[in-house]
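Got a structure for you, questions after.
Lettered A, B, C and D in written order, each chain numbered from 1.
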Amino acid sequence: MGIVEKSRLKSPWILHYDCSSCNGCDIEILACLTPYYDIERFGILSKGNPKHSDVLLVTGGVNHRNKTVLKNLYDQMPAPKVVIAIGACGSTGGIFHNCYNILGGADKIVPVDVYVPGCPPRPEAIIDGVVKALDKLKHLQNGTWKEPETGPIVVETAVGAKPAPAAKYANAAPAPTLNSQPTNKEA
Amino acid sequence: MPGMLKIIFGNLFKKRATRLYPFEKRAPFENARGSMDFAHMENCIFCNLCAKNCPPKAITVDRANKRNALDPLRCIQCGVCAEACPKKVIEMRGQYNEPCYAKRTHVAAQVVKCAQTPPEQK
Amino acid sequence: MVKSTITFGPQHPVFPEPIQFILKVVDEKVVLAEPQIGYVHRGIEKAFELNDPKDNIFLAERICGICPAPHTTAYVRGVESLMGIEAPPRAKYIRTIMNELNRIHSHILWAGLLGDAIGFESYFMQTWNYREKVLDAIEKISGHRVTYAMNAIGGVRRDMTNEQLRGLEKTMDYVESSLENIEDVMKDYTIKKRTQGIGILTEEEARRDGAVGPTARASGISQDLRTSGYDAYGDLKFEPVVVNNCDSYGRFAVRWQELKQSIDLIRQCIVKMPSGEILTKSNNPMNGEAISRVEAPRGELFYYIKGNGSKKLERVKVRTPTFANIIPTVTMLSKGCQVADVSVIVLSMDPCISCTER
Amino acid sequence: MNFQPSILFSILLSIAAPFIGMLILGFDRKITARMQNRVGPPILQPFYDVVKLFGKSELMVKKAQILFALMFVGTLLLSTVLLCFGGDLLVIFFLISTGMIFYTLGAYSVKSGFSFIGGNRELYQMLAYEPIFMLTVFSVGLITKSFRVDQIFGLEVPLVAIIPLPLVSMMIVFLIKMQKSPFDISTAHTEIISGPMIEYSGGYLALLKIAHWYEIFLVIGIMSLFFVVPGNPVLTVVSMAAAGLAIYFVSIIIDNVTARVHWNTMLRLSAAIGITLIVVNVAIVYIVAYIAGGA
């Protein structure tokens, strides 16, 4: 890894754009900058300018008016760039799923690299999200990036016998689809 | 100006307020609503109350296949499902869901281990 | 004299939310300011009609992430009056505590943002440092830092234990001492230079344009809905804070004194906290019309709710304080100011665009 | 008493100049963070920023901006070399001014409202600090009877003992040059989103950052010339370095306790305080010399 690649991971400047969120996520992003979380530790600065930024944080669902703004901001950022969708609305539309002016998450307009769940996510989760995005950038630079799996994460709980210690989401095997027949694991 | 001078010099010689997050993790508060979890899936009767009460409609219940699915990216951690559940299957955990690269649903399924009654014939 | 046009927003570091001001400037002097809105419109009022009234609480909470408590309180109070029920006294006190905690965090947040807007970064950092303790207190009570999900139709969802009340008292002591710590900074020369005489709104103009909340109170209008005595406010002793400065500095001062007032109100609530139930359950049909008004951190919040006896509401109309304060802000801007003052003037009324456009 | 820095030392210093500026900036960010009760970035953070910017793709709207950015860095490089080799202070001053003109032209050459205002404000800033800077150079010239830097090393007492007040005035210049509150008006982040730099991106933004490193070295260098201890090279280096760091520390404190002011307040302050102090000091020097000569 060359010095430029290393520096890229050490100095991600963020651009925050509020699509149509409720302010909750925006305030939490601002809280990340403040002494308690202090993301400047990782060299992260909040730049209000797309031409200076590397990471785009999108909060809130995209609506008919700001989809062009979001697209413009994305196009104005010089490569390499990363997009992080913050919160339930930024990822899928969240609680505004049945509002007439919400198209959905940010991924309807721009390619999203990392989704941060939560409504709003805690600053810790946002830091996790940025770290994860940098991890992806690192793998992309090294050529070791593997496309993430997209199937559902299934956790099976046994019934009818003694309940086995339930495996949590971490090492569960993905199943093909939600509607497939349950695997009949008879011993 | 003098007020701020006192504060900045105080800070200079005080311990930092920063929680060094990824290295030092703080335990979530008691009763914090970080994420929802089908914790006691063995008790689930697939009554659909959680899905019905969920404000963002993030839960889907598949009664035929004995599966509950949660879209963690749509969940708003309100805790209504945990309150609505008659069998206390759902618990709110203090820990939040991890950020992810792709949208994946969390599925919790009941599997019959010592097959006296296969699920199809029930 | 070159007149040029500057588009201030929709993406601008000083506003966390997208709003656009089209400024016509001569050198640095603003001669015309035109707000352009619609970037955060989601259509929540329609969604109110589609959802179950119980789910609407969470939707109302997400009209604004900075003041979720007043929004849910106003909605829930409206629905309760449609149903003809009333929350138990303990629930009312818990609601009042949440509302006041909300006001404290919102006002500290605002002070920090003002510091950021006038280039006083260490002030921003310091105030937000104090605010984090308030958020911790909120999280201990409600389970989340930003969205409380405390209110339910007929009461509140979570009770407060004695331990939590004692913890809250400690937090209030901490917040009070830290506010005293940083109070001198308000009298700083450069802060005064940037806020005094900037964004003048006289009492007459405030009445004419219909200003609400701290914006009105800084212009010498004693208008505070909490004096109407909804929830537990009837039992508590307080006077609305009124300042006659009529400028941004006055709004700063009003908010600063309201912080102390809120701390005092929470202490009174803790002392007077009644015991008993926290939820009145009811399946009454929702029929007729109801109006509910609540004093949010930014001013008067107004909900109009209409039910037709069916399971869903027929119409919910929200009028937010920022909406009422837009015209006063345009009045302030149109008096002529510098480009540097635009952010200070707009911030001085504490804009919440996501409330306004819903 | 003619102390001449060796040529090797001058060459080394002119190569190290931007890195000295970079390190000072890194410490600045760390100390500022500590003053705000947080941890802050690593010391080498400015270096990472610039290297990263060189690795980004370019999105320049105007070719002219590239030229202006290069000229800006070029003039600052030239004046740094001149300073290191003990050149003419007046030439250094004019070179810095020329550099700023290129910077302003770069801001004006794009069709962007914020960039335009940034350019305007850059000119206001020049209006505020150039008289002070020039009068300081003149007062140094009056004392040393020459504008050459190496003549300062030939004096009998340190400059600060004769003309301390211009050093106070230079603090205003320093704050403006370092883009610090209360005079960070041209790059005001929350008003005009870093003003003149708004349309630069990638490597050309990195050039501007490097130019800023040179500026830090230059202004600190000129200000620490007041602390030359004649006839003692070791003590000179120590006192100049200590004075430079002390000046920077004071500027960090001022940055943290003040809000940004308007450009007209800045002009008024710099004219009232900056110029008066220099004039008063030079007058005192002459009156003392007159009385001493008369006696």
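As a convention for this text, contacts are C-beta pairs under 8 Å (C-beta built on N, C-alpha and C of every residue); 3 or more make two chains touch, one makes a residue touch a chain.
A quick note: this is a predicted structure, and the numbers were derived from the prediction, not measured.
Undergrad: If every chain is reduced to the average of its C-alpha atoms, which one ends up farthest from subunit D?
TA: B
Undergrad: Higher C-beta contact count, A-D or A-C?
TA: Of A-D and A-C, it is A-C that has more C-beta pairs in contact.
Undergrad: Mind checking the centre-to-centre distance between subunit C and subunit D? Centres are C-alpha means, answer in whole Å.
TA: 44
Undergrad: Once you find the CA centre of subunit A and the CA centre of subunit C, what distance in Å lies between them?
TA: 29
Undergrad: Round to the nearest whole Å and give the separation of the Cα centres of subunit B and subunit D.
TA: About 54 Å separates the centre of subunit B from that of subunit D.
Undergrad: At least two other chains touched by the same residue of subunit D: list those residues.
TA: Expected reply: 35-39, 189-190, 193, 256-258.
Undergrad: Subunit C: which residues touch two or more other chains?
TA: Subunit C, residues with two or more chain partners: 12-14, 51, 58-59, 62, 122-123, 125-126, 129, 132, 147, 188-190.
Undergrad: Tell me, which residues of subunit A touch at least two other chains?
TA: 34-36, 38, 41, 47-48, 95, 119, 122
Undergrad: Sort the chain contact graph into one of these: line, ring, star, complete or other.
TA: Its topology is that of a complete graph.
Undergrad: In the complex formed with subunit C, which residues of subunit A make contact?
TA: 15-28, 30-31, 34-36, 46-48, 50, 60-61, 63, 65-66, 69, 73, 95-96, 98-102, 119-120, 122
Undergrad: Across the complex, what residues on subunit B touch subunit C?
TA: Listed in rising order, the residues are 1-4, 6-8, 11, 17, 29-33, 53, 55-56, 76-80, 83, 92.
Undergrad: Touching residues of subunit A toward subunit D in the complex: what are they?
TA: Residues of subunit A touching subunit D: 3-8, 10-11, 13, 34-35, 38, 40-43, 47-49, 51-52, 54, 76, 78-80.
Undergrad: What residues on subunit D touch subunit A, complex-wise?
TA: 29, 33, 36-42, 45, 47-49, 51-52, 54-59, 189-190, 193-194, 197-202, 205
Undergrad: Which of the residues in subunit D end up touching subunit B in this complex?
TA: Residue list for subunit D touching subunit B: 31, 34-39, 253, 256-258.
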